[in-house]
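Each of the next two complexes has chain A plus one more chain, namely chain B in the first and chain C in the second.
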Partner chain A sequence: MPYILNGDKDVKEMLKTVGVRTVDELYSHLPDAIKLREGVDLPKGLSELDTRRKVTALAEKNKTLGRYNSFLGAGYYDHYVPSAVNFLISHSNFLTAYTPYQPECSQGILQAIYEYQSYICLLTGMDVSNASMFDGASSAAEAVLMALRISRKQKIVVAGLLHPEYAQVLNTYLSGLNLKVVEVPAAANGAIDLKALQGALDSDTGVCLFQSPNFFGLIEDIEKISALAKANNTLTVMATNPMSLGLLKAPGTLGVDIVCGEGQPLGGSLNLGGPGFGFLAAKNDCLRQMPGRIVGKTKDRDGRTAYCLTLAAREQHIRREKATSNICSNQSLNAITAAVYLSVLGKEGFKSAAANSCANAQYLYKRLKEMRGVSLPYSNLFFNEFVWTTENAINILNRLKEKGIVGGYYLGKDFVNHKNAVLSCCTEKKSKEEIDTFINTLALILHG
Partner chain B sequence: MAELKFSKTHEWVRVEGNAAVIGITDHAQKELGDIVFVELPRVGEKVKKDGRFGTVESTKAASELYSPLSGETIGANSDLAKAPQLVNESPLDKGWMIKIKIADLGDLKDLMDEAAYNSFIASEKH
Partner chain C sequence: MIFERQSSPKPDNYFTIDPVVQGALAQLPVDFLRKDLDLPNIGELDSVRHYSNLANLSFSVDKNFYPLGSCTMKYNPKINEDMAGLEEFIGLHPYQSEADIQGAMELIFNLQELLCKVTGMSRFTLQPASGAHGELTGMLMIKKYHDLSGKKKTKVIVPDSAHGTNPATAAMCGYQIVVVESGADGLVDIDKLRAAVDSETAAIMMTNPNTLGLFEERILEIADIVHNAGGLLYYDGANFNALLGVTTPAAMGFDVVHLNLHKSFSTPHGCGGPGAGAVGVGKALFDFLPVPVVSKVNSRYYFDGNIKNTVGRVRTFYGSFGVLVRAYTYLLRLGKEGCLRVSQNAVLNANYIKEKLKAIYNVPYDKTCMHEVVFSCIKQKEKGAAAMDIAKCLIDYGIHPPTVYFPLIVKEAMMVEPTETESKETIDNFIKVMKEIDSLVGTDPQRVHDAPHTTPISRPDEVLAARSPDIRWKKIGA
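This part shows the complex of A and B:
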């Protein structure tokens, strides 16, 4: 629907219908002190050509990722999005709809969201998924609260290398609540210390939150972690990169109770870091405590298949402060984008994108292993990113950037004991040439 | 059937020795409409007189369940998980919700008998 200003004729007609003479009369109830006296101080309007010039000059101040050979990951990943995806989601019915939940006029979108939910269940090996949440970090926090409601216990164990921003957001969600958080650090090999985890689990532990692949890119022993938790009557929440599920076993088949994470890798561009979406999926018996919108499939009164929001009695407009969450919306467009992306790639295409991401990362790892002056501190399996260290890492990263290469995420930012560590990522977009260029440039910088 | 006692929040109590079986009344289930889910306490959980012991969800609302007596939960109707409609079909019998060990039998005097409850709901209508 286009937005067109009211013309003078339209304004006159509306004023007459309402029964006032001027628009100012509509504000007569407001105190004079807050009313605008003079006009707004704006510069003279520019022509379309001049506007275009000015805005382009401003935009040029940004360095877009496309201009760099980037190995940046750490939660947001640069995968290839086929043109068909953006074409399909640009349909105004998808693009401009706002909270499109009314079944009488939103069957198309509700069906699309239902299919998104179905895809998430397929990928995660879970029974139910919600219609999406705002981002990975908040989906993890909500998953933890969900698990606590189900277990009716007060203690949370956070195990291993969780994305630092997820930890911060979880902290925000927990502030003011009388809940105990126990951190189980990673072992020297970067994976969760299973002995320490077992020691931390007690009769009061309602949930264990962990991430796999973890923040350092390493794949955790999900089966063992789930088993330890189950033996202790503790629920597991696993945060994951959904792209990794194109290659790795579905967490639902490994004993995990709730899966969550950032959905951006599924067809989302990097876009200055957002918007993305959070996904949340669980086993059937957790359904009643799930936050967020859920679309269900049913029949209308004529017996035809229809879609609508369901299990609304979990939500705040019915339960108020006893609701599972105060979220009353979803990231429809981003979630539908994920569904479109998966359907365009298909099962084999998705597996292929994941496998190639991993293969490229393996190649980078192999080449860095041969590099004098670079160490690879962890040897466990990784999916698409891993840690390497070098003396004066910040300086090296800056010099790489001067040569048009974003070497990776500097871990010293978040981890005091990793002042010389970098997290580097490869997606299926990386070519062998780009990786070789990185290696050769790094070699020149290190060895002159 | 032993005589039932009623609370102002539309729960009924059937005393069995020093235990009480609790559910919601026919009036309550009618007001709620089709019941789709009942959330009940676990065995061992304590309940307080006039305190919330669970929730009953219909398609249009979620209502709190209040215990007419204080005590400890010794049973919860597991049939309601698969068949919540039992509360609509048989609110005083098959749709029972919890059984508690009564903490203070004296609390029973604060409850209404059937006649008083029927007058109460008649006066509630406007």
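This part shows the complex of A and C:
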């Protein structure tokens, strides 16, 4: 029997100690009506070898992104992860430990998380970070709820082009609460309509949520948005791609109050979209309203540096229905992955991952701009992805795929007014040859 | 601390870029670019040493007996890791076409089906990221169900032994929490429950066995009381390891259930996550699950967004897929027989510990327990060592402490969950150690109070940590 070490002799002795004759007797106080007479309706268990065969057969039905020349991003990114990263985070003691509730035998984990929090603060320019959230979307939703607790207001402004799935998750999170959400659309240039934003902010508005780079890849005027919000006593929550912070100014230096997003670009694999992690960082005065776990540095009884989980009085196991959130398990291992990734790449390596992603995308943009039959509707600055359009885009994407190219994310899926729009992304993994091949193949499809 | 390391080797070339392409960067307006990013740069070998050494400081299931109550720290089979690490899984982008990811979708579909079978539920979503996230999903579905029926439902009932996530979740859904006290037998007091339930009761959130490790024997009566008032039953599956293959939440009358795949289904906890909180529903909530689920037509799998009263999406993409691969692999290995062996051995191990230790450590509710046993260290407390002291003392014997001070209704609580994967030999050693510690409490309580003695640090000052929070590194002088 897999994974059971008690042999017949052991079981016999244990039953005797417990004072029953059979294991079934341990369940004799359960109502008969609820017991499964025939057991659970599953097939017979498989040997390890047969299990391996069966799961591997499923895996082999897939065609991974790596088998294509791919320009797909839209919230999950195919960056290069140095071998050392996965090697380190596969360590048994990281993989098979629980939440570090007992600090004396979890110092390594606690320090790794403290370092993760520090990395996130450095990247975002924020004062404080928690130990992780589930994903970018839940992190954004929790950030909004946190901002409302702090501002004690009831209205939320969602401005500009937020990732559609983030907007959907936010709506779900808010569905049990009686709050007001107002959407401020993007202007024709793809960026937040600042006039409309100003009009939407009123004395009830507790929080303004926006994304930069936004879903179309464009960098917003973060400073102006923050200033408008601040003038109205409204907190700003900015969702961002952490990789962009290797190149772009930190939101903390531009007046943003809370920064959140999906951490997968920092060393995470694609994994069909999970597990990644959400990061959540904020200005100091938000600290006691943060959701989730936080690791703090302190002293032990002998005056040595020590780490422990802290500010637990915010959390559900202490505060119950008055907790800042119900979150318990988070995505620790993925957060530690991010720290390991940043450490292995180091400052220069991380900066070049960001810069090269941007350079590749800028180069692709330039090449597309030169092509007849392709339009580039937005001229604002972008980081690693941007929108282009062409007649009958969906058909063009299909034809590219026949040639082994995933040209990007088809925006017509989510935006009825963008039926011919594609969001294309580059990471540092793209070579010039791959980009040129994309361009040449597209030219052939468009112009024969 | 990595930020205080001095070395600064030349950067390694993990990737390169063509100079022509790099030229494209020159056009970026400098106004947007940062100059302040000062990350450490210690090189690959020193990074490897840094994290290897950190890992070595920590206890884990692979190294230590880890009887952490309520957390089901069972062995995490290594084949699960191999399968989850297959390139054909980890290399899939969530926005690839359905044609490219049929194998992954089949796995999701199959796991949905298997979980329906082990719980008796009709339909599953694998989207939620954790137990608490599953609770939120389930309770938002209940909320929508009542809203659509037009009945005024304002309250959620939670037993006083419940996990903290239960009341916290109900509050996030805008509900008022009504706490029902446990009776002298440690079970839900039926009379008090009856008094608490009324026409505005939306639901009861329960775990069974409860957090005392006791089976709620009158569960069918509880279900009737709540259902008759128009409420629904939420099953917190944190303790499902006790019942796998023995009964199902559906048979007990529950309408919605979450399963912690990182507990009963053997996926590793990763220092606190990632987990997965799969949610299953019966008839009442069949049309309320988050979108999308994976459905099948002929032999093709597709993302099905067509759920009439869906509560909406609860996370991006399709759940923690890597965790799902592990849970699926585990269930294939177990099969029908294996499921039953899991719960039987988990329950036997817990009862064995209870019998062996009950003369020394008080058992507040001395009857057959399920997968975990809750002791009360009141006798030891009188002699000068609290539950926390005993917990810390276990560390010196290489054993991870059990959960302490939970459930809240037991004084000096110590909650021991051995799981089914531990051998009698390991458990006998734990019993021996617990007896030794009790003797030590009698002879040298100060030594217990000062434990642990073998760890890199002694007990940290948690009050100081909370009073003046230092939660990130800062450059000296910054």
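Throughout what follows, the second predicted complex is superposed on the first by the 415 of 448 C-alpha atoms of A that agree within 3 Å, B and C clash if a C-alpha of one lies under 4 Å from a C-alpha of the other, contacts with A are read in each partner's own complex, and residues count from 1 in each chain.
We adopt the following convention: a contact is a pair of C-beta atoms (placed from the backbone, for glycine too) under 8 Å apart; a residue touches a chain by one contact, two chains touch by 3 or more.
Because the structure is a prediction, the values reported are computed rather than measured.
When the two structures are aligned on the shared chain, A:L15 is found in touch with chain C, with no touch to chain B.
By the touch criterion defined above, A:K351 reaches chain C but does not reach chain B.
In the overlay built on the shared chain, the residue A:A188 is in contact with neither chain B nor chain C. When both complexes are overlaid on chain A, the residue A:V416 reaches neither chain B nor chain C.
Contacts of A:I318 after superposition: both chain B and chain C are touched.
Look at A:T253: by the touch rule set out above, it reaches chain C but stays clear of chain B. Taking chain B and chain C in turn and counting the residues of chain A each one touches, the greater count comes from C. When both complexes are aligned on chain A by C-alpha atoms, chain A residues 313, 318-319, 322 touch chain B in the first and chain C in the second.
Considering their complex, residues 36-37, 39, 42, 55, 57-59, 61-62 of chain B touch chain A. Partner chain B is touched in their complex by these residues of chain A: 152, 288, 313, 318-319, 322.
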